[in-house]
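A, B, C and D label the chains in the order they appear, each numbered from 1.
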Amino acid sequence: MDNIARLKEEVYQANMELVRKGLVILTWGNASGIDRERGLIVIKPSGVEYEKLRPDHMVVADIQGNKVEGGFKPSSDTATHAALYKAFPELGGITHTHSPWAAAWAQAGMGIPPYGTTHGDYFYGEIPCTRKMAPGEISGEYEARTGDVIVEGFSQTDADRMPAALVHSHGPFTWGKDPWDAVHNSVVLEEIAFMAWHCIKLKPDLPPMQAELLDKHYLRKHGPGAYYGQH
Amino acid sequence: MDNIARLKEEVYQANMELVRKGLVILTWGNASGIDRERGLIVIKPSGVEYEKLRPDHMVVADIQGNKVEGGFKPSSDTATHAALYKAFPELGGITHTHSPWAAAWAQAGMGIPPYGTTHGDYFYGEIPCTRKMAPGEISGEYEARTGDVIVEGFSQTDADRMPAALVHSHGPFTWGKDPWDAVHNSVVLEEIAFMAWHCIKLKPDLPPMQAELLDKHYLRKHGPGAYYGQH
Amino acid sequence: MDNIARLKEEVYQANMELVRKGLVILTWGNASGIDRERGLIVIKPSGVEYEKLRPDHMVVADIQGNKVEGGFKPSSDTATHAALYKAFPELGGITHTHSPWAAAWAQAGMGIPPYGTTHGDYFYGEIPCTRKMAPGEISGEYEARTGDVIVEGFSQTDADRMPAALVHSHGPFTWGKDPWDAVHNSVVLEEIAFMAWHCIKLKPDLPPMQAELLDKHYLRKHGPGAYYGQH
Amino acid sequence: MDNIARLKEEVYQANMELVRKGLVILTWGNASGIDRERGLIVIKPSGVEYEKLRPDHMVVADIQGNKVEGGFKPSSDTATHAALYKAFPELGGITHTHSPWAAAWAQAGMGIPPYGTTHGDYFYGEIPCTRKMAPGEISGEYEARTGDVIVEGFSQTDADRMPAALVHSHGPFTWGKDPWDAVHNSVVLEEIAFMAWHCIKLKPDLPPMQAELLDKHYLRKHGPGAYYGQH
């Protein structure tokens, strides 16, 4: 199996996992992966029902988001994925969903502050929400501009430590070192969005967690000093 | 299989899908379809348990809502379905449920404003909630009048772009080009009702989404300029 | 199979249905039935895990709540059931659960006002919450007094039209013409508690539904003028 | 099977039950047990996926939390468990989860007041939330200090009557006479956290339940006067 065939299988599995984890209903989501050597993105086709999806339905696009191979049109969000892959050279996989708890924050136009260690174990600070897009950005190459507003002000370092963003009035994008890792981060994001929603309703003036505690939890799982897990 | 037998099968499947999707418990819902050539509505029988339902239990009624054929009484909401089929000649299917998130909005007497792209992908503006019915409307031909208050102020164009309405103090009706499509819209409505509820609790003074973004999302999926999916 | 053996089977099935419907976890609930001719109550044993429950584990008690037959101790709530059977001679079955949405209202000490037709289809007015019990009622024959506070101010007619009550700081009791019917009412109560919670959070000053609409819905399903279902 | 092998099996089953009950997703939880005679703790390995977990993967540590035997590193929370076992000599099992409802209270830094009998049946008073940890406690032996802040002000009697605590900005720990009992208490805690959240949103100034009712419910299930269940 060559690399693209293997990536199609991985991307297929990532897409199906979004459904199994309850993050995607109907056709509301997509996962992609990238072959960095060849500069090729593999992504779910647009609007195909998950029950009928097969690995060979995955579409291959170039780094501009233009279709290179495949029997279907690629996801309508392909240009957003492409913009993120271009901006963050370390990304290996991206997901987009309308998972309901994260989408509630996105629709409110609010980032998710770090309120607890579950958040700090994965996301190093507030999960940002993008600004509203300008009318011209919406009417033009909307999907590419959606990627651009996510990227605004994010360095690659930021993208490593913050593998998620909420698009204003829309929903979450997450990423990771490969498609499966991006899905994993979308699972975590949804759970965190749930917890954050409920704790600020308990205490509306709740400040973010202590910076020391955020550091401790993020850094015991990430980077050279990590000691969580079997590493 | 003649058209009516085929429609009974479709309507049966639509009713069962409402249960499978968690939108209907006990006997709290119904789906119907219409044979426009013959002017015949096919609808679920009243108060029969879903576990015992079979395709040939579906009841045939005329466009006035009067039973034409079938071993059971038709749904008590048949006159409401009939009123909608008469008012909107393009409808091919209708569903009614007490799905809990949409019902919460209906019970509060509030329409669901468009807060995000999930909404804009399906519903072109605020999902309306009907006015309270007058005592005389309730005591008389209540079910037919329920259809009438939905129809008030809706043109066929409106009905195309807004395939749902909430009945005040009651619950949602959705419609579509066929029974399955109506069920699909009821699934979407419930998810949107959930998201909207949570985002206004996060930000109580949240305005509707930008008009440009609503246009973009609705029109990229509907009408001559659509580019979502495999069309 | 004699009547008591049949009733044990019915009561067993009602108890298991509470678990299947998600209204009871661990050992937090009980259902009972009564043989009015012989004046015998059949009820779940106390604190036995549902997975191990069998029909012949059901305990027989007299109308005072004293055990008459059975290898186990009856539910610690038996005296509450007995008090309700004595007060309302038409009841054939009773259930008690800690189902979480109804329990939230009970813990807040609030009745559930009728906000919509789902409520009106089953419960003819506000589902009442009992007063707080006096210290002497709690320290003495607590379970019997729990029944008494439910009964306060309820006539048999009330009990017919309002087959549920919330016990303050505790949880719901429901009843019906047999154990299965009581379970059915507890399913409905939980769904209504969910809807009512969410609609008053949308509109905190929401008044109860129109009296005409409550009448219409209750009376189209109950009493001599009913026309819902296959009656 | 010797005692340690048996305890590994028990601890394995307790960990898997946390997943089955929906209290743990991904790797966010751990259960342990202790062999008091030999002073050995058995605990889940760190960061291993539950699907791959087997009884012989459980790690053995001494009462200081140092690994004694096992192919994997023990849970990163081992020092917290060890601190609790040292402080409360009657404990036989401990669990830690990020179960979302309890975590919402913990993230808000709020204990869970007793609002109803479900609470009183298991927890004799407010389920406490720890104070924030000082920067020096977080940067040093963080996990051991986490145990210490739970223990602050808890006697063994307190630990018997209050088998749970929330760690500020983090999540719940529960305990019991053995690992399975600790899991049972974590199931109850999550349900109580749900109910308490919803009842204070219904009535924000809700006082705790009556002291007499708390006494009645706690003491009818615990201690010499207990009469609930088949005892």
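Criterion: a contact is a pair of C-beta atoms (placed from the backbone, for glycine too) under 8 Å apart; a residue touches a chain by one contact, two chains touch by 3 or more.
The structure presented is a predicted model; accordingly, all values stated were derived computationally and were not measured.
Q: Interface overlap for chain A and chain B, more than half of numbers shared or less than half: same or different?
A: different
Q: State the superposition rotation angle between the two copies chain B and chain C, fitting on C-alpha atoms only and giving a multiple of 5 degrees from 0 to 180.
A: About 90 degrees of rotation relates the two copies.
Q: So the centre of each chain is just the mean of its C-alpha atoms; given that, what is the distance between chain C and chain D in Å?
A: Result: the chain centres lie 33 Å from each other.
Q: What whole-number Å value describes the gap between the mean CA coordinates of chain A and chain C?
A: 47
Q: Please list all residues of chain C that touch 2 or more other chains.
A: In chain C, the residues touching two or more other chains are 200-201.
Q: Touching pairs of chains, all of them, please.
A: Those chain pairs which touch are A-B, A-D, B-C, C-D.
Q: Going by the contact rule at the top, pick out the chain A residues touching chain D in the complex.
A: Residues 115-118, 184, 187-188, 191, 194-196, 198-203, 206, 209-210, 212-213, 216, 220, 227-230.
Q: For chain B, which residues are in contact with chain C within the complex?
A: Of all residues in chain B, those touching chain C are 25-28, 45-48, 72-73, 76, 98, 100-101, 103-110, 132-133, 135, 138-139, 142, 169-171, 197, 200-201.
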